[in-house]
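Both complexes shown next keep chain A, but they swap its partner, so chain B is in the first and chain C is in the second.
So, the complex of A and B:
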């Protein structure tokens, strides 16, 4: 028989950034800021004989989820690897600053969603990209400080690598699917610098065992785990919007403590199944092979919760 | 007096030379090179089992270590020249002459070695053509083969990847040759006997299991909307028109797209049970959704595929499974099935010329033929009829009657621009330039134009069966060649006339909605989806995972 979840639901992993926004927000509620018709494009790519995109690979704007106003930014992972660059970075930072500024006014939004899908900084405009990452981090913390949660949705093809991994870790809440990946140095980068013996980027099972959605949520590097279809992301987004603590010194101290404990408990492990063995999870080597329902059941049963953010 | 038992005496002499190196039939890995130096003589024909999937890789490594002053001028006769060790034999002067079928990853190295005169090339064959010559004039003196396990009597379990082994052993063992098998494990009892021990002279437990290449796995995530459109055109314009029940699919993404559309678009067209019920096909993971949805009654396999074994074992109504519960494949028999028992072959190629000849040769690569030319050829010895076969024959003849025989449907699917935006349609095949350079009397052609019945591109179908002369064929091909130089040089009036005759059919002529060509139409959009469809039985190799 045809598995329903395979046949019927568009997958987040597959969809374009624009289609993800359309599936996430209430129908017809999205108002884009600096859309493709404005043609605010990268001034750098032409030097490299590379085609620019009318939206520079990021879509920003406001809309509604279940009737509540939200701000949203989505990276298009299929354009230049969804990279942080001068224009795309400025659009994202501008959106976040506007959200911080509007907090407490009638224009306020209830939360911000970052649909990250990125390999990190765009190498062709690396200085601007690095600046964009740090400005984004600062802007996220400002928004959180105003009491507005910033929620990362991770499940795109490019994952959330490089600066994208840092930005993700600064969010109040991280929703991830099985295909989603979060890390700072990407698999190819590690292999190039440290050799294939350290990390074989072609061993995709290894890549996902280390950076993938299931490992991240079990380790507390992500807070919610969803199936990879768009309606599951939408449900998780609606649920996550007000369930997160405000950024404060106490929150950060808790997070620091959690990370220190994690490092001392598992710092010497070479691969995630070793960690699962120490935690005492059943069948540590078979976590990746569980069905989605089995894994979600495992999460619920083991009460794997590290929500210190 | 004529000596009629020279071969038998020579075999006995060689076996006597190695008595000190063996215990029963068993040889220690460290002694294999010494054994090879004594049982192989200069000038021998040697089959070093290697095909497009499994490799007797340990024996290959040992053979490269023999002393070239003792063993040289070997004539290598094997279906696949795939490992770097295979090329080393020629580089080191151990081997000189070569007859083969397929080279895959070594295609560039072979072209270089030929150019440098390191290899004396006999011929490039199709699989069954080479197997046929094993029994006529290319019989191996020594065969070095691979199996999963052996007992101490030499009985072999070749398992799901049986492939060429029975054919090689049959030709060698019954003609006074010597057969040496590397096995993953020597056991007390094999799960089933694929090759009886009296045909095997020596066994060695290799340090590592033999290598198997996953060759038939196409990731649904990489199927494009253009390929989906082409698959819709093929399903509606060919499967629904001719109703081929027995068929073979090539290994490209275009046919993977068809497999993934059977349970969705094929179902919408009402084709389940009407087409594609019986197959000569490798275990394509992309066929899992169609099998699970009840499309497929039976599949015979050339070889196995990494990760598919457990799934196939659990579907013995569909696959050929031994009493031990694992797949039995056989390349010779499956190629024969593809040639004689199938109504249709459909597959991709790299280049097509104006007469419909196709080739995968590029100026610096000789990939060989493998099995496609047998699948993609009308079998003139066929006598049984089927609806699809007769319909194709009647279209070709332009008439019906008791003396009008059928035709196999041979369908080529190509995007007008291939990888690297290279046009798939050309005025002259690159293989002709290659033949000129290497002095070959016959250019390597994968499928000759007179065997091709249809060409499918994203622009539509060219039905060559309905063409009545060379000009019709040329304009029909130009008429589906899109924006390639060949396509732009079409005679527009003639192309429209061919369209009016139904020789060319566009998606709109077939009532296909272009907007429906969407990835959401695929029954599986990722390898993970295939695992889900298989109920967790399909275990894809790591390089295809994204979880």
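So, the complex of A and C:
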């Protein structure tokens, strides 16, 4: 018998992209753009003898959170690793450009939510995928420049790797759960290129210690930490709009300075407990073993180490 | 990849007003199914696209079973399969029919 609190709090990590959108937005408020019945699919996968997806693994549209109009894009991490590709990328870029264009008009949205769940570029259509990542970054910056926050919600199975890590870092605000991971080169990529001595991708504890939600939020690579259930993500999403710095040269200079300081302070560390020791966290080797409530308490006691991005 | 279409006749038209519904994901051992209300009242058309070769007789058996159980007349059903087992296929078909009946 599944306990009632688990039944009532479905996990972000376990859910499909569509179920995440339904849990995030006000009930019945989602209007999908280019839905499955429009069959806007990858023209490339058939050459590789691979079945396509009706939505090419990304769902875009508009809806409401607490009655506020928002735009949403969600990657389906289980289809082709949630990858950036020609069609999925065009859907995402199109949504972002429409948001930028509508800023200041009656059709404007208050925020954009990116439910990223991706291993990066889809290798079967890699050139188009790389272009899609670049265009997405450009479009995110344009949206932010218009004063609309772009908020990343990270807690899916595929994490946010490769171009997805870059896209995440360009958002105004990043919400992450313990299961979420953010990085550019994924663990397998590092191991393949630099050897198992550099990074053992099969060591899941190591992977999460380095790329996982707790480390990312402690180091300032994410802004908010939530428990992994869908209602915690929804609460954080409803709240996130209030704490977004404007995108300006000054903001970016602060971020650059913060990252330089971080590199000089921790650049020689081999694993995250060494960093936690240096910054004086209690029980540096046991961060991963804290309960969610204990970790959230620890975060609240620690000062926020950045406010730039 | 193998593609084929299976036609069947249902005893009744599937209830509900939903014009379309999607269930499942093209993940390993899983499949996605798009239901659309666009066939003649008792006709059922199933378009299958599957990564696994040589299982057409199994698909025919599962779909026959599904048509008997759910009587999904009027449905155009398109499937993208990535190696789902027959029990998963039947489960998703039943989920899709249910969504068509209950979703507004």
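Just so we're on the same page, the second predicted complex is superposed on the first by the 298 of 309 C-alpha atoms of A that agree within 3 Å, B and C clash if a C-alpha of one lies under 4 Å from a C-alpha of the other, contacts with A are read in each partner's own complex, and residues count from 1 in each chain.
One rule holds in what follows: contacts are C-beta pairs under 8 Å (C-beta built on N, C-alpha and C of every residue); 3 or more make two chains touch, one makes a residue touch a chain.
Note that the structure is a prediction, hence the values are computed from the model and not measured.
Asker: Based on the superposed arrangement, let me know which partner A:79 touches: chain B (first), chain C (second), both, or neither?
Answerer: Only chain C is touched by A:79; chain B is not.
Asker: Would you check which partner chain A:160 touches, where first means chain B only, second means chain C only, and both and neither mean what they say?
Answerer: So A:160 meets neither chain B nor chain C here.
Asker: Could you look at A:116 and tell me whether it touches chain B, chain C, both or neither (first, second, both, neither)?
Answerer: After superposition on chain A, A:116 lies in contact with neither partner.
Asker: Comparing chain B against chain C, which has contacts with more of the residues in chain A?
Answerer: B
Asker: Kindly classify A:226 by the partners it touches after superposition: chain B alone (first), chain C alone (second), both, or neither?
Answerer: neither
Asker: After superposition on the shared chain, which partner residues are touched by A:50: those of chain B (first), chain C (second), both, or neither?
Answerer: In the superposition, A:50 contacts chain C only.
Asker: Over in the complex, which chain B residues touch chain A? Could you list them?
Answerer: Going by the criterion above, the answer is residues 221, 263-264, 289, 292-293, 519-520, 523-526, 528-529, 532-533, 536, 542-547.
Asker: Which residues of chain A touch chain C once you look at their complex with the stated criterion?
Answerer: 16, 18, 35-37, 46, 49-55, 57, 76, 78-80
Asker: Which residues of chain A touch chain B in their complex?
Answerer: 1-3, 5-7, 10-11, 13-14, 178-179, 202-206, 208, 212-214, 288-289, 291
Asker: Report the residues of chain C in contact with chain A in the complex, numbered from low to high.
Answerer: Residue positions touching the partner: 1, 19-20, 22, 25-28, 30, 32, 34, 36, 49-51, 78, 80-82.
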